[in-house]
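Each of the next two complexes has subunit A plus one other chain: subunit B in the first, subunit C in the second.
Take a look at the complex of A and B:
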């Protein structure tokens, strides 16, 4: 700590602080325009000028100057005020004063500073800029006439997003912010640049001219897409969510969001939302009353064991727990599951066996505290972009070493000094086993590893996974595998990260155990910056596991439930929010099951393909209309409250389940808060949590580890057949599950499914971008547009699974790798 | 990157042999801070920096394409359009100005039908006004590539243009 005097006040500040930070820490405000606490100091705008006595009264920028012992600083002398006024005059010289039609008005740093410093005249005269406005993309408008060249957009795109779409181009008075060769902006559309822009140069197009900033009510919430658990501020007017508002103090991610979180909110107020219960009469879904619909459902649920249920992990913890109560106690069935089963098996089977707890042994916060990250599949960026930002910052700012094992290259491979081992698809477990074997053989494991149960078995089981053998199988070199093994073992702190989800059938319990074995061998768990982090797919996937909403004690799992529908063992199927017809493997089988089941109830926001087949459809509520808690992938439990009033004709799933419990003669808890008290009492790790404590800030549910070595099954990857390509499925950056299909933002940018293939294969098959391809597998065939990219290795093709317009499950039956043929 | 933004119509660039760029990149690939020498090297080879080459350099050096464009537009030494075989530079510095450089410049404009920093369609000439060539004793001064022409007159402009018109383009 150093002692400094700011405006005659004696204060202390950390040695590393700048004058601006020292003043802020002590409640003294210095105006800024180009500075952002998330970015490196830049010093472009000169708004933060201060006087330092030791520097002979010269005016120096507070945001780039570090404090030194005994510094005497004045932040608002008449000279300083004059200088700042002139800075504003110079900025306003070229800035168009079109505030009445500018969406930034009211939230504009330049406007606020102009007001604060009373700059009502300008001593200078110059022409305004005449740059053309970039309207080429549907999400971000770039009006460079309003730009003040603070560089925040270019810096955030480089330092945090690591995409580098924007930069300073030209020189002197002609300098402007632009893309390469002055092209239209074409990027990931995360909108980070929009969020930090201090003026109206970068604006969100979906919000354009929708409302004045000051007319919006701000509601904090938690994003309803992926498992990262980003905090959101929703801008609401007239009971409609009109935009997301940036708050740099929100969440671990400091307000950073991805394209889905920032631009994907439109599903909340979509005109396609269901507004009335529907009942099938004479083969057609007809509007009906809640009473009739629920009475019908309750009547069917009384049949007991022939009932099964699937729920989406987008429901709150309270809803999932209540649904479980309804099924177990009032209906009397153990047949319930979520996410096609395999999407949660890494947690429920893998981690449960390896760590004794169905949760990751690390949090997202460990990423920046680690020394080495081992990422399995570059898709971790696409599935969890904000976690990806953490990886970017760890690698770029903290010098964390990044190694990737993947079946394709990706954005993470481009990070400085990142090594990507691209293996044949489907070999992840074998490669991890080879690393484990190398660690044992080269005596890189820690002594305590031998005391962990299962050590002897794992040593025997791994005997066939020599680096050489796996190298031959996976297409890697033995040297690469050994190098990675020694890097992982010798790093002081190392963290393994892998995504799971309905598109990643291979990321199952075996992969989790194989990854956990590495951590157990080298003692890299239970410490800061170490462990294995499983990135679960949906906003409450971890919560669904914590609530125990999956097949246990002999209950049927998702895929068995579908089989039982066909065989007639399950006669009533209650689907809450899932869309298995699009998102579960093997469309033919799912369709047959839903056709065969006698009675199908679906509670949904939209009339999905699955809902359209139902006998009763119950209109449910989105995350913005209900109260409850979500548990993020690293077990951060966060509270959400309604941001808007729900449509009177819809019910939250909590109300639906609660009503059904009453109709079945049981007694339900009245509110989500009461249910949560029950959850806290019975769920390991949730003790002591309550809605009241979580209202202010989320809290981590604790996890206790009981490590054990588990031998993972390594299914050999299918041999590449002549003339066939290996199809791997997964998620695309712009989408999450099937819900984002109803978000206009994501659909503007990525409206349909596609088949991504390598340049090599494209030239062999003479395929160009956007060619319509017929893709056939043993299960069937479908048409997809081609997308030629440089990241795919030859012989491997990738397709995202989110789209009901192009359901990839018509050719994919749930294996990690599917052999397909491609024809034009 | 998404497909949503339609590819903009870029001027048809002549086919570019990327192996030449690769040779330059290979020479500097392991040196930190290699972007400037690589860009200077490729400009030396191609005469300018074609867009495909800039994109190729971005991919090979793992630098954002936007950043490369930033560098290319910041420094006056880089050119993004094909340049003539003969670069004519006429000094308009103080000494040359006093000696009538303006008329020399205008005569070149008339003869070549191009303006400042422009290139003839046949890629024979590029014309540039420069502030000082550092040989004020020879004012008014012109240069064609590396040859210097002092004491320029309107007649001499004719002679120079006639001379260089004869020279082979390839």
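Take a look at the complex of A and C:
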């Protein structure tokens, strides 16, 4: 800490702070345009000029000058105010004063400073800019005439997003922010540049002209897409969510969002939302009253054991716990599950066996504190973009080493000094086993590893996974595997990250155990910057596991439930929010099961394909309309409250389940807060949490570790067949699950399914971008558009699973790798 | 005082007024001439054959009676215009703040004061009715 005097006030500040940070820390405001606390100091705008006595009254920028002991700083002498006024005059010289039509008005730093410094006239004269405005993409509008050249957009795109779409082009008075070759913007559309723009040069088009900033009510919430648990501020007007608002103080990610979080909110107020309960009469779904619909459902639920349920992990903890109570106590069935059964098995089976707890042994915050990151599949960026930003910052700012084991290259592979081992699809577990074997063989393991139960078994079980043998099988070289093993073992702190999800059948309990074995062998767990982080797919996937909403004690899991529907053992199926017809493997089987089941109840936001097959459809509520808690992938429990009033004809799932409990003769808790008190009392790690404590900010549920080595089963990847390509499924950056299909933003950039294939395969099959391909597997065939990319290795094709218009599960039956033929 | 005196004084005034110009108007055959700055019905000014209004929402923001509804939209040239511009004359207090707030001089208050109507709905003036003819 150093002692400085700012405006005659004695204050202390950390040694690394700049004058600007020191002043801010002590409640002294210095005006600024070009600074964001996430970015490196830049010093472009000259608004933050201050005087330092030791520097002989020279005016120096506060945002780039570090504090030193005994500095005497003045932030607002008449000279400084005069200089700042001049800066504003010069900026306003070229800035078009079109505030009435600019959506930034009201939230504009330049506008606010102009008011604050009373710049009413301009001593200078110059022409305004005449740059053409970029309307070429549906999400971000670039009007460079309004730009003040603070460079924040270019810097955030480089430093955090690591895309580098924007930069300064041309020089002198002609300088502007532009894309490559001064072309139209074509990037991953995370909107980070829009969020930091101090003026209206970059604007979100979905919000264009929708409302003025001051008319919006701001509601903090938690994003309803992936498991990262990003905090959101929703801008609400007339009971409609119109936009997301940037708040640099929000969450661990400091307001950073991805394309889904920032532009995917439209599903909340979609005109397609269900607004009335539907009951099937004479083969057609007819509108009905809640009373009739719930009475019908309650009557069927009385049949007891022949009832089964599937729930989406997008429900709140309270809803999942209440649903479980309804099923176990009031209905009397153990058959319930979520996420197709396999998407949570890494946690519920893998980590439970390896760490004694169904949760990751690291948090997202560990990424930047680590020395080495081992990422399994480059898709970790696509599934959890904001976690990807953390990886970007760790690698670029903190010098963290990044190694990736993946079946394809990806954005993470492009980071500086990242090594990507591209193996044949389906070999992840074998490669991890080979690394473990190398660590044991080369005596790189820590001594404490031998005391962990199961050590002897793992040593024998790994004998067949020599680096050479696995290299031959996986298409890697033994040297690469050994190098990675020694790097991982010798790094002081190392963290393993892997995504799971309904598109990643191979990321199961075995993969989790194989990854955990590495951490256990080298003692890299339970410490800062170490551990294994499983990125769960949906916003409350970890919560669903914590609430125990999965098959246990002999209950049927998702896929067994579907089988039981066909065999007739399950007669009533209650689906809360899942869309198995699109997202579960093997569409034919799912369809047969839903056809066969006698009575299907679906509570949903939209009339999905699954809901369209139901006997009763109950209109439910989105995250913006309910109260409860979500648990993020690293077990951060966060509270959400309604941002808008729900439609009077819809009910939250909590209300639906609680009503059903009453109808079945039970007694339900009245509010989510009461249910959470029960949860906190019974769920390990949740003790001491309550809605009141979580209201202000989320808290981590603690996890106790009880390590054990587990032998992971390594299923050999399917043999390469001549003329066939290996299909791997997964998530695409713009989507998460099937919900994002109803968000306009994601659908603008990625409206349909596709088949991504390598340039080599494209030239062999003479395929060009957007060619319509017939893709066939043993299970069936379907048509997909081609997307030729440089990241796919030859012989491997990738397809995202989110789209009900192109359901990949018509050719994919749940195996990690599917052999397909492709024809034009 | 002579009790007749007040009556005479009073009648004097009465008779004087019989020969003066009447102050009342024979409305509706005779109509008042309103002053330049009279605050009557609003009018949306037109320039280049379209409304000058750019839908900046300053008038609904400043309106103390909350009687103005604006909904902005983007036209074919990506310009902002008011797709909906409504004033509820039953709520309006004719304070003229909206005219004062308008940054593009798109709004005025006319001398039109005959705003009576039969239905509540008819008091909500749409953009079409407000545009100056």
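Some observations on this one:
What we mean here is this: the second predicted complex is superposed on the first by the 824 of 824 C-alpha atoms of A that agree within 3 Å, B and C clash if a C-alpha of one lies under 4 Å from a C-alpha of the other, contacts with A are read in each partner's own complex, and residues count from 1 in each chain.
Here is the rule we go by: a residue touches a chain if its C-beta (ideal position, glycine included) is under 8 Å from a C-beta of that chain, and two chains touch if they have at least 3 such contacts.
Given the structure is predicted, the values throughout are model-derived calculations rather than measurements.
By the touch criterion defined above, A:787 reaches subunit B but does not reach subunit C.
Of the two partner chains placed around the shared chain by superposition, subunit C is the only one that A:101 touches, whereas subunit B remains out of contact. Set side by side, subunit B and subunit C differ in how many residues of subunit A they touch, and the one touching more is B.
By the touch criterion defined above, A:349 lies against neither subunit B nor subunit C after alignment on the C-alpha atoms of chain A.
In the superposition on chain A, contact of A:209 is made with subunit C only, not with subunit B. Look at A:166: by the touch rule set out above, it reaches subunit B but stays clear of subunit C.
Subunit A uses no single residue to touch subunit B in one structure and subunit C in the other. Per the touch definition, subunit B reaches subunit A in the complex via residues 1-6, 8, 10, 51, 54-55, 58-59, 62, 64-70, 73-74, 80.
Taken together, the subunit C residues at the contact with subunit A in this complex read 54-58, 61, 72-74, 78-80, 103-104. Across the complex, subunit A meets subunit C through its residues 99-101, 105, 133, 135, 208-212, 214-215. Listing the residues of subunit A that touch subunit B in their complex gives 136-138, 154, 158, 163-171, 178-189, 414, 416, 734, 748-750, 769-770, 787, 790.
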